[in-house]
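In what follows, a single structure is set out as structure tokens and then discussed.
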Amino acid sequence: MKTQTRFMIPALVVMAIVILGPLMWGIGVSFCDWNWAEPNGMDNIRVSGIKNYIEMLQDPLFRNSILNTFLFSFIALAVEFILGMACALLLNSIRNGALLYRTALMFPLMLSDIVVALMFKMLLNPSQGILNRMLMAVGMASPINWVGDASLVIPSLALVDAWWQSGNLTLIILAGLQSIPQSLIDMSMVDGASAFTRFRYIVFPYTQPFIKTAIVLRLIDLMRVFTLPWAITGGGPGRASEMTQVFIYTQGMGKYMRMGYSNALAVTFALIVVVVIAFIQKCWKAEE
Amino acid sequence: MKKSIAVITILLMSVMLIFASGNSEDQSTRTIRVLLNAHPWQEAIEPLLDDFTAQTGIEVELTVLGEDVYWDRVTLGLSSDEPPFDVFMLSPNQTGFVAYQNGWIAALDDYVGQNPDYDFGDIYPYVVDGFRYPDTSGHIYGIPLTMEVYMMFYRKDLLAEQGIDAASLKTLDDWMEVLEKLDQAYSDQGISAAVIRGQDPTMPDELLAAVANHWGDRPFIPQRMFYFDENWNTRFTDPDIVAGFEDWAKILSYGPVGSEAFTWYDCTTAFASGAAATYWFDASLFASTFEDPEQSVIVGNVGYLPVPPTETGHATTHWGWGLAIPEKSPVKDDAWAFVEWATSKGIETQTAPQTYGPVRASTWVEMEPVFGEEFSSAASEALSISIPGYMYFDGAREVCDRIIDAVIAMSKGADSAATMETLDKQAQEIVQKYNLQ
Amino acid sequence: MNMRKTADSLWRYLLLSLISLIFLLPIVWLAVVSVETPRNAEVSLSSVMSALIDNYSDAWKTGGFESAFMNTFIISIFAVLLSDILGLPMAFVLARAKNMGYGFLERVLFFFRMLPEMVFLLPLFVIYRKIGLFDTAIGMVLAFQIITLPYTVVLLKSYIYKLSPSLEDAGRVDGCTEMQVLFRITTPAIATGLAATSILCFISIWTNLMFPLVLSYSEAQTVSIAIASFKGYGTFKWSTMAAGAVLTTLPQLVLFGFINKYLVAGLTAGAVKE
């Protein structure tokens, strides 16, 4: 073996232990019945084949959590992309104070998700929260039930996420904008190209790889969302904001202690995330 | 190259050694680890812990957790081979039942009689019964420290403003009319007519009180509550159960915007901050919050009542917190010393003014001037009509989750007959899934 | 023409200011709540000061916050160190390899990044139970490698890749072993990148909620859990909760100040082709 290759062994060994180990173990357990809440359930593990997976396919709550997660991810991604793009373009176009605005725009990024969640739990409280109080002071007739209304809760959570993470997209897209050679822009100015043409033929091609990266990374994190619904709504009202990772947590550790079933859910959800991301990347590749 | 691997291995080992040495504790002092839920009782006992150490020489290592994470953490800890606590707060609930089934909690029967001064008989037996899993003939797994009976609270000043005499309101129906009146009078002032728990994992426990209030004298099996008969047939379409659910959903619809998502925390905050005129089927203990000027703007204006009767019955349920010891705790005797001290008569007289729910008969008598005549008589009347409300069987958690779903749906205007029909079917599926029959 | 241009950029500044305001207001509100005086108290400078001291010391003492703070520091530092030690050699190989097979390894690292945490945490919880690593700092340090190790490798690789190999070759000619090349030549050259990577990893551990929620209890509890368990009886005071939130955020803010420039690389690690 070459010396250099050996350099990778310590890291690869640790990764095999802490990453691949649990992964394989979890896949194994997903084919077993292992219910800790039953009497002596911890010591009672039985191989049950694909029973857990069959139950999962028939579980309306799992389907519900997947739908919630996708809806949340889609809304949040759309808002974050529009806001992020707009902020990046604006930041790139001003001369003075860009650093100041940049700092302001990325400030929410510096908070942890649990702090954001607790903050908005207080802000969005329909009767005590400052947001409704402010809106009512400027003339809104009745308070908005941000996270208590089943039809509003997912958009509300998505907006919270957008508030928190738009700066993420701004920064990445801005980096793309700044990678455009100034000479290209100068040339197009001399040629008298319209703003739209400039965007279509210069800005867009240069920023496209950055945008794609940003979208893929955001989508991964959005689909894995846990803290916001866990801490703000607990999945409610009803199950209107129960996202998949929260659902898996309740099935596994939170409440039911169903190790086999929850591992089957986790493995399936991991597959779903991977397939979605792979599909998007494949589409983009085909385009190129 | 071998050298580099060796270097890394040594580094790793040294990292681990540092942790290992950091974790080792001095074995010469006796220490117990106590896990408490953030609770008025915990606030009352915390300043007294030094007394315990002074008396016994046992150090107390205290961890306090908010209820949002408390139950998950208790289950996590109990299921471990080395539970990270020696004493913890427990309730007659599913966590306790699962712990009992798995042999995670220690039976305390042998301890309670050891010290005659402890006077275990002074503690209300029916509160103790909640900690005898799975039924009242079982061993004692927890020593009660507070109890709470579900009652109702109302704003005397607001009712007076509307010219309503609370004493003239005899039945639940009378009160429902009052809610309508209060709703019209105050909803545009930011005061809701009522507040009641919505999406709260523990709501089904209080909901039992609303159902009990309709059930009357018909028999039922306490561990299955009203919802399943002796053959595990489901009874969610029973008129009394439907009526209890409907009451709850109706009151919930009078709540402030967003109250479908309210836990006891949100309800109590809303009522204490003057944003609700009535507060239904909830714990007597919250009186301690309402009468505390630091936390409440309605001190002195709160009226206390046992739940108003219905045509078919008049009953409520109660709840308790106790202290329990993990079966695998290495220092059970020291842990018991703490439990005995913390639930002793002397300590309870010091904590009771903050919990409004002592568990010793003698303390209730002593505390009457502290709690006020009105609260005391309402609470004792509520206790006299209270029946135990527990659900001890596999799958009870799932049933509870479905119950919450149903109540929320009904408060949003879903047809109650259809909703209860669905709930009944779901309950049948759960019975099958867990082979209960 | 000039007028139009001024108006044009004025419009941009206005829009940016509006967005910035929306982004900053909730944080300002949080800070204000954290120094709120108790009910009925008169608002004056001295009352605000005493409220500040009260609320923050309340927060510091509530729910094991103090020990959680220390735990998180220790766990983060050791997890980052471990990742750096293990990740540096691997990143070095990946950056300098001519072997195409290593591209596959990088894709695997990105694959790990995609997986939902639960797929690791449920098994780890059970395994830790069995082998006694549950609720230990060592257990947490090892578990966090799931996040930080691939991240460190990918980031460091990009820094080494940008470095010209000529210095390293010169070192080899002078008779340095590969080990010496890595630690005496390459590592000092990417020192700032290494520091930025470490800080990014530190922050990702500091802010993580799910790992400690599942794998720790009290001994190895971190600040996120301390903050999450603030809500409860007796803490009807939003001000204490807000003070706790501000306290946990302070170290992050300081650290972000250091790595402002490296943030983009950190955000996109592993997803941009070079």
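Here the chain labels run A, B and C in written order, and each chain numbers its own residues starting at 1.
Everything below uses one rule, namely that a contact is a pair of C-beta atoms (placed from the backbone, for glycine too) under 8 Å apart; a residue touches a chain by one contact, two chains touch by 3 or more.
Keep in mind that this is a model prediction, so the values were computed, not measured.
Touch-path distance (fewest steps) from chain B to chain C is 1.
Of all chains, the one whose Cα centroid sits at the greatest distance from that of chain A is B. Distance between chain centres (mean CA atoms), chain A to chain B: 35 Å. Centre-to-centre separation of chain A and chain C, using mean CA positions: 17 Å. Listed for chain A are residues 3, 7, 10, 231, 253, each touching two or more other chains. Within chain C, residues 82, 85-86, 89, 178, 228, 230-231 each touch two or more of the remaining chains.
Counting partner chains per residue, chain B shows two or more touched chains at residues 1, 4, 8, 68, 76, 79, 269.
Residues of chain B that touch chain C in their complex: 1, 3-4, 8, 11-12, 15-16, 18-20, 22-23, 33, 35, 37-40, 42-43, 63-70, 73, 76-77, 79-82, 84-85, 265, 268-269, 272, 289, 294-295, 297.
Note for the complex: chain C touches chain B at residues 38-39, 62-64, 74, 78, 81-82, 85-86, 89, 129, 132, 134-138, 141, 178-179, 213, 217-219, 225, 228-236.
Note for the complex: chain A touches chain B at residues 3, 6-7, 9-10, 36-42, 125-128, 142-150, 231, 233-234, 236-239, 253-257.
Residues of chain B touching chain A in their complex: 1, 4-5, 8, 68, 72, 75-76, 79, 98, 101-103, 190, 192, 198-199, 201, 256-261, 266, 269-270, 273, 275, 394, 397-398, 404-405, 408-409, 412.
Residues of chain A that touch chain C in their complex: 3-5, 7-8, 10-12, 14-15, 17-19, 21-23, 25-26, 29, 83, 86-87, 90-91, 93-95, 97, 101, 103-108, 110-115, 118-120, 122-123, 130, 163, 166-168, 171-172, 174-175, 209-210, 213-214, 216-217, 220, 223-224, 226-227, 230-231, 244-245, 248-249, 252-253, 259, 262-263, 265-267, 269-270, 273-274, 277.
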